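One chain, subunit A, appears in both complexes that follow, with subunit B as partner in the first and subunit C in the second.
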Partner chain A sequence: MLDAILTLLILALAWHCVRTTDLFEAIVVFIALGMLVALAWTRLQAPDAALAEAAIGAGLAGALLLASLRQMPEMSATRAPGAKTTGLGWFWWGLWGALGLALVSGVAAIQTTSVSLMPQVQAHLSDSGVTHPVTAVLLNFRALDTALELAVLLWAWMAQKQLFVPGRQTVYPLQGQVLKTAVKALLPLMVLVAVYLLWRGSSAPGGAFQSGAVLASAWLMLWLAQLPGLSRKQGGMRLGIQAGWLGGVTVFLLVGLLGVFQGAGFMGYPPDQAGAWILLIESAAALSIGLLLASMVLVSMPDFQEGTL
Partner chain B sequence: MSGLIYSLCALGLVMIGLYGLARAHHGLQQLLAINVMSAGVFMLLLTMAARHPPADAVPQALVLTGIVVAISALALGLALLRRLAAEEAESHD
Partner chain C sequence: MTEWGLALLVVWPLLWGALTMVVPARQVTVAGGLAALVTAGLGVWAVTLSPQFLVLGNWSTPLGLGWRLDGMAQSLIGVTAVVGGLVSVYAWLDKGLPPTFWGLWLGAWGAMNALFLTADVFHFYVTLELLSVASVAMVALTPGAGATRAAFRYLLVSLTGSMLFLLGVALLYGRYGVLDMTLLAAQMTPDWPSMLAFALMTVGLLAKTAVFPLHGWLPQAHAKALTAVSAILSALVIKAAFYGLMRLWLEVFGPLATVSASWVLGLLASAAIFWGGYQALKTARLKRLVAWSTVAQVGMLVLALALVVQAKAISSVPSVHLWQGLVWLIAVHALAKAAWFLAAGTVQKRADSDYLAQIGFALHRSPISVVAMALAVISLAGLPFTMGFLGKWWLLSLAWELQAWAWLLVSLLGSLLTMAYGWRLLNLSLVNRGLPQALKPVSVARDWVALCLALLGVMGGFGGHWFWEGV
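Up next, the complex of A and B:
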């Protein structure tokens, strides 16, 4: 029953999100959709994915979209005057429907087959250095995927740096003693939560992604409250931030190379040391993910100036 | 039973996203539609993973990776749109 209601709500929100012509409304609906999708994923026994979706897919994506919205042309400016605003022609509706039917029959076909890699995962879990299956897959069995994913994140950030346009708009700074005090009080707690999530990842849902997302929001809060914090003008901070951007991929690949010399192959670790290496990689990865995600949101702010980062 | 419901939900999300992509008038709408589609793909993977308890960890790890790649793509798309808007504003001045 809960599943049915949740599904209907998700589909209704998704429909509204793509139908509405008010961009602000579409973004707000999209954030709500992300939250409900995260809820659905906990129902599908995927707490790791649900945590990441709520923090990254709904939270940080929402911040990115809202920050970018003010720098975009209005909806009407991109539409040719007099253009038809009603939906698709019959041909495209037909194509859309045919594709939907094909997808339904395809999914119905997979429903009857049963392939699961879980038995293999559980058989080798004791060699992986961690006891949580998802972390074992991410950081050990399929470590190359995760390393390349960090590389994709880094690449996307580098591309954004090249596309940077200095913000021309002035926005009212979020000032005030209440905000500053609240941020000062919350910041140590957020760092603590991030470290806890990272540590917990070896035996329970959690890990570098969720921890990185919390770190990213901590940094964003610091910046929004305009506390003297991480900005490039302050000496060693510049180097530190650059090292943080690159750290995740570098540490991952170096540990991966070390496996070659230890005879475990590229991206392999000897079972007795695996736990320690995974913790090292995860710490570097969480810091990298946090810095990269926060940097992506910071440059999308309407009043962001070059040299701040 | 709940597996079937969520499979249909995943298909619905993909189809709604596709429809949104086809009728989008604004770059931001296109990005949102693509992200709605990706939520559908992730949900289908997780539904497949949850068919037999305990849930399969491999598709779940794939989805975690996918979420980070999706936000990278979204951030890059938004950066392109911001740059485009700035260039257009400059050419109008």
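Up next, the complex of A and C:
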């Protein structure tokens, strides 16, 4: 029953998100949609995916979209309401509709013959250095997947950084004593949560991506409250931030090369050291993910100034 | 030793690409250029190795990821190394290139090497993703709204392609419970989920390869990009997606790739050859012409793939030199198209215009680039004594053996069209050169790089024996 309501809600929100003529409304609906999809993941017993979807899919993607919307001229933010669907429009509806139906029937055909690699994962879990199967797959069995996904994030930032045009709009500082005090109180807590999520990742749902998302929001709050902190032009801090961006990919790939040296194969670890290496990689990755995601949102803010990053 | 080398083939360009973000802007060209040359060296070295299968982290498949260095992968890594190395030299000479180029290009190169090596469909998706992000960003390097719009369009098509591919991967995993290509190929049965996965992944890769009618993004993106970027995108990046098509049609989905399925490919390919050729004949701009020619030549590659699929499905035809022919055509196109784009970019820079009506005099004053373009056209059209000739000969004899007269005709007409739009440029430099005008100073070394690529495309024809008989 709950699942049926959830499915209908997700479909309705997705429909509304596509059909609405107001871009702001579309973004708000998109964020709500992300939260519901996260709920759906928990119903499917995939808490790792749920955490990532809520933090990144709904939270940070939503923040990015809102920041981009503020930079768009008023005119382009709305589409003419009541526009008739053209012939080409119907063609696309038909095409995507057919794709949806095909997928439903395809997945339905699979259900009866379900197979997976889970038995193999469980059989080798004791040699992976961690006890949570998802972390074992992401950081050990298929480590290069994750290393290259981190690279995707870094290269996306490289792409965004080059597109940044400084000095577009006026400053809207979000100052205020309440915000400052709240951030001061919350910040240590958020860092603690991030570290906890990272640590927990070895034995239960959690890990670098979720931890990184929390770090990113902590940094964003710090910046919004305009507290003296990370985002200043000091040389040492600047270098630290740059090193943080690269840290995840670099540490991961270098440890991967070390595996060749130790005879554990490229992107492998000797079983007795695996736990320690994985923790090191996850720490560097969480810091990288946090810095990269926060930088992406910051640079999209209208009042962002060049030289801060 | 081998494992080190193969690991560095991916890790080296990625690490250096990442490091260019912190290297001071003045030193980026040196750091990036040297890193690119080492990558090229590693790639050439990989061609000399014996074929092998490597499991990452000592986890045997299906649990872990497999890397497979076979003839197909080695050839593509080698082509990327040679073409990528020479384009890097050109980029080094191009002082107008923003420093960000090097980080993006090295990232794309590392992603391509990983893509050629991987034997895992999900990992293939990850490498495609990294390659797309880097490629789209390279298009956006050109200042101005036009290039940004072209890049955004490319991004949307590319992302849609990736999503379709990923849906197919999910269906495959749900159906077979493995992601390794060789294991999938061994279990493949023609049921509904597999066919759906086949269709989705094919359409996704067709969009990324810019096969008609999903080519709409290419002429803009490749024409608006900076010269070195155009060469990289046209010569190498779309080949990576085409390599995916080869793996899917010839290996993973072997039993599903029937003769009737190959007809779909053949029809799309024919449309691409004619439409791309027609547009190249019509356009008024230099780089547009070269970009539309890519659309047509991609059609030729897909047509060859359709023929190879037919040859594999009909067992009565002796199936020798099947993938070799495809790889050969890829190499022909990569060398010729890189040479053509680099030469065109040099001329465009000299004339300070992209309009064919205004570049006659600059063409006349760039004899080296004109020779490079002429050789590239000759090789693409498949005239004798070039690499292209051997490729075309193989294609025509395959069509002859299969008695596929329609495809034979299309392939011949495609060559004629190539000659026709190639002649438009040569005609400008030899006959209708226009009035003398002031030219921008551009280093002649850049013309020579283009000529090197074009000459390789010709001389490769003399090395044909070693490839066709040896591999």
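Methods note: the second predicted complex is superposed on the first by the 277 of 309 C-alpha atoms of A that agree within 3 Å, B and C clash if a C-alpha of one lies under 4 Å from a C-alpha of the other, contacts with A are read in each partner's own complex, and residues count from 1 in each chain.
What we mean here is this: a contact is a pair of C-beta atoms (placed from the backbone, for glycine too) under 8 Å apart; a residue touches a chain by one contact, two chains touch by 3 or more.
All figures in this text were calculated on a predicted structure; none of them were measured in a lab.
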item: Which of subunit B and subunit C A:209 touches, first, second, both or neither; value: first
item: First, second, both or neither for A:300, with subunit B first and subunit C second; value: first
item: Which superposed partner A:246 touches (first subunit B, second subunit C, both, neither); value: second
item: First (subunit B), second (subunit C), both or neither touched by A:48; value: first
item: Superposed model, subunit A: greater residue contact from subunit B or subunit C; value: B
item: Touching partner for A:189 - first (subunit B), second (subunit C), both, neither; value: neither
item: Which superposed partner A:260 touches (first subunit B, second subunit C, both, neither); value: second
item: Touching partner for A:68 - first (subunit B), second (subunit C), both, neither; value: first
item: Subunit B versus subunit C as contact partner of A:121, first or second or both or neither; value: both
item: Touched partner set for A:4, first subunit B, second subunit C, both or neither; value: first
item: Subunit A residues contacted in one complex by subunit B, in the other by subunit C; value: 103, 107, 110, 114, 116-117, 121, 141-142, 145, 149, 152, 155-156, 159, 163
item: Subunit A contact footprint on subunit B (complex, rising order); value: 1-29, 31-33, 35-36, 39, 42-44, 46-58, 60-65, 67-76, 78-83, 85-86, 88
item: For the subunit A and subunit C complex, residues of the former touching the latter; value: 102-103, 105-107, 109-110, 113-117, 120-121, 124, 140-145, 148-149, 151-152, 154-156, 158-159, 161-163, 239, 242-243, 245-246, 249-250, 253-254, 256-257, 259-260, 264-269
item: Footprint of subunit B on subunit A - complex, ascending; value: 3-4, 7, 10-11, 14-15, 17-19, 21, 23, 26-27, 30, 33-34, 37, 40-41, 43-46, 48-49, 52-53, 56-57, 60-61, 64-65, 68-69, 71-73, 75, 78-79, 85, 87-88, 92, 96, 99-100, 103-104, 107, 110-111, 114, 116-118, 121, 133-134, 136-138, 141-142, 145-146, 149, 152-153, 155-157, 159-160, 163-165, 168, 209, 289, 293, 296, 299-300
item: Touching residues on subunit C, where the partner in the complex is subunit A; value: 3-4, 6-8, 11, 14-15, 17-19, 21-22, 54-59, 62-65, 98, 100, 103-104, 107, 110-111, 114, 122-123, 126-127, 129-130, 133-134, 136-137, 140-141, 148, 167, 171, 173-178, 191-193, 196-197
